[in-house]
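This structure is in structure tokens; I'll ask about it shortly.
Every chain is named by a letter (A, B and C) in the order it is written, and numbering of its residues begins at 1.
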Amino acid sequence: MEDMYHADRAMSTQQDIKIKADKVQVYYADNHAIKDVDVEIADKTVTAFIGPSGCGKSTFLRCLNRMNDTIDICRVEGDITIDGEDIYDPKVDPVQLRAKVGMVFQKPNPFPKSIYDNVAYGPKIHGLARNKAELDEIVEKSLRKAALWNEAKDRLTAPGTGLSGGQQQRLCIARAIATAPEVLLMDEPCSALDPIATAQVEELIDELRQSYSVVIVTHSMQQAARVSQKTAFFHLGNLVEYDDTDKIFTNPEDSRTESYISGRIG
Amino acid sequence: MKTSLLAADARTKKRNAAEARFKAYGFAAIIVAMLALLILLTSVLGNGMSSFRQTYIALDVALPEEKLDKSGVRDLSVMSKVTTIGYAPILRNALLDALAAQGIETELSDKDIGNMISKEAAATVRNKVLANPDLVGQTVSFDVLASGRIDGYFKGRVTMESAALDGNTSPEALMIAQALADAGVIETKFNWNFFVWPDASDQRPEAAGLGVAILGSLYMMIVVLVLALPIGVASSIYLEEFAPKNRWTDLIEVNISNLAAVPSIVYGILGLAIFINFMEFNQSSPLVGGLVLTLMTLPTIIISTRAALKSVPPSIRDAALGVGASKMQSVFHHVLPLAAPGILTGTIIGLAQALGETAPLLLIGMVAFVREYPAAYTPDAGLFGEASTALPVQVFNWTQRSDPAFVERASGAIITLLVFLLIMNAVAIYLRRRFERRW
Amino acid sequence: MNEHISSAYDRDLEAITTLIMKMGGLVEDAILKAAKSLADRDVELAEEVRANDKIIDALEVQINEEAARVIALRAPVSKDLRSILTVLRLSASLERIGDYAKNIAKRTSVLVGMNPVNGSDSALRRMAREVEQMLKDTLDAYVRGDAALAEDVRQRDHEVDQMYNALFREFLTFMMEDPRNITACMHLHFMAKNIERMGDLTTNMAEQVIYLVTGEMPEEARPKSDKTAFVTNPS
């Protein structure tokens, strides 16, 4: 039993490297928001970014699918590669990148359209389905993966905004995985949800680990501890510590990590 | 010391009194505003409602062939040589016959009796005869317009005392009119023609209508809608979603806000200089009016469209970008549909503003006296190129005339204008309610 | 270590530490008194040790409840988690040590009526003092977060084991010399064994303190010197 447990843990740390960041710097105008971040994110693993507000964890997350491009004053330096390809290469179209690197946001933000249209939107604009039947199939598969199919199958034409908060967030996850991404970025996906909905989404994240590399930013250290295999602690724009989650939560190396996770004045 | 909750201390009392005073000031302000509105509405409605009714005289008119068509071959070119001066005595005779039939005796001269009929009536009858020459030689029933003074008498504007001092009528004429009304010959009916007929000359207030003005306003609104909506929405989307935030866009923004505050007469001068003097479009044409109003409405539409775009939560844009939509897809698939009710509302309010605008139109000559219905398109004048007038300008125009009957007409025109504005605002509110989305 | 943002959390942890120290003090006292009651053949003192064990048991229950409460309410992580785990281990060990002291006191009541066996009382008392000193140092190491002191305690268990070995052989010899000594020697042997077990438990506590401070259990095997299991014949 114990051997199996250790084997599982060991496997999770020996996965292939999916995303590699090297000396990443982010500036907002003159403000140096991310300093010298080096990180290697494994495939088929949940990686959690934790840290106090304004530590740069969300900013760094948004670098991974170039959502920061939409902010004029934001400048990114250093290398970020996905499967060895530099995503900031001038030849990379951020639109294509974002189909490959899906994102789920803090507040559930379904489009004010039907549940079906919410999920079908991504496949439609990327031309992933050749006909209605294929599109139906993608929608069903995505909703099933997001554990929403049973609740939503009878009301696919109902507006997505009419769902409960937890269902809306799972709808957003379904929408993100409908474009067949390889990486899923989640920016505090449970911060607007109640504990039951949070537990459901966490369960879902654990299942998604089978197919995707999941990176989650969270304010809840308990959540990071529950869902992730690797944890990165950010502080004032620096990556202070990056290690196995159980190591971080029982015996962190850095005193800043220790102070933060145990709720001390650091 | 322990204080009781049941007894208010001095400080609390003072604070509560201040609050009560403030509420009273606010209430008083509302009362003043409501009173002003009430006075305005009573005055306009009191003066103007009567313009929607008009006094007619029912006459059996004998159309003698020897006077109207001496040749007897019903040749229109010959018949049209008989002018309204030829028709006036026929109507006068018909009225005299009616008096005789009712047994009403009078000392008035035939000419004065004839003056009870509007000068417009002769033209109306003539037009009908020319339209249907077979009527000649028959006796036909017509409802002809009573003169402005008689009309005024039945609406309470003209009294026996004022008639005694008036060169155009006399107390005797009014008494005859009253007798005819008692007999059912003179009748006051709803006045559709007010909305259809064109303007009339100073002497015929009873025949003046809003037809040309409504048509001109409609043409201008079409021009404004077709130009201002696409230009305004396109520039708003560009400024709000695509333009880089730098000193130039800041400058443009500030200037658009400033343009919204520029007095409308300045736009009139601009229109005169550019569209009439430089580009040589027709004076008084709805095209030029529409262009000037477009310039004036654009800032309003741009400002409200940008506000509507801004009110779409950024999370929707994030969501669209997050699934890999391009900037344009996110704007056109998600942001614009959500902003549409706000944009429509802004546009309609802008149009309503343009509809009520007078000053710039005066400068480009739309104040001219126009009796011909303008065509939407003629080869000579081009699209919306024929001279026209507009509702607010018509009001301005009528208030300048000496005959008090035109005050009634002007008030009627104001009511019409207000009704149009109310309808447009109601549509705007309806659209906003109907398409507003929650998220 | 800095304070917690929630000061009530700090107060909870401090309260538990205070309870552990109180329990530790009572257990130290019990060890010394048990040994003294034997040396002085003092039945009343033995009786007092047996009575005080109830207080120690009650303290263990209280510490367990407090620890469970902190885990449930504060979800401790890293050092706080280790300190709660340590507290649970320490209180369990202390309770066992208390039980051993009580057992010694019980046997004292029996031994009162018998002749003292030559010099064994003072040897047992020395052994008890040594273990008491180890326990004191362990508790100091716990309070100060001193891993070096705890490691020192861990090494000192060796000496207690040596003392026990010597006593074991001594008792064997006495019993072979004169079978009338057997009853007393058996009791005395169990007392010695109890003290030796106290030393082992104290060593476990010291290891727990090292885990608390460093986050890792000491890996190298500690020196084992209890060789009595292999004794076949006194030499």
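What we mean here is this: a contact is a pair of C-beta atoms (placed from the backbone, for glycine too) under 8 Å apart; a residue touches a chain by one contact, two chains touch by 3 or more.
Everything numeric here is computed off the predicted structure, so don't read it as measured data.
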| item | value |
| --- | --- |
| Steps in the shortest chain-to-chain touch route ending at subunit C and beginning at subunit B | 2 |
| Central chain (distance from its CA mean to the mean of all protein CA atoms) | A |
| Dominant chain pairing [most C-beta pairs in contact] | A-B |
| Chain of greatest Cα-centre distance to subunit C | B |
| Distance between the centres, which are taken as Cα means, of subunit C and subunit B, whole angstrom | 104 |
| Where subunit A and subunit B are represented by their mean Cα positions, the distance between them in whole Å | 60 |
| Centre-to-centre distance between subunit C and subunit A (centres being mean Cα positions), rounded to whole Å | 51 |
| Junction residues of subunit B, two or more chains touched | none |
| Interfacial residue positions of subunit C with respect to subunit A in the complex | 1-6, 9, 75-82, 215-216 |
| Subunit A residues touching subunit C - in the complex, by the definition given at the top | 221-222, 225, 248-252, 258-259, 261-266 |
| Complex interface listing, subunit A residues touching subunit B | 65, 67, 70, 72, 95-99, 102-105, 107, 109-112, 121-122, 125-126, 161, 172, 175-176, 178-179 |
| Subunit A partner contacts - residues on subunit B that touch it in the complex | 244-245, 313, 315-326, 329, 333-334, 338, 437-439 |
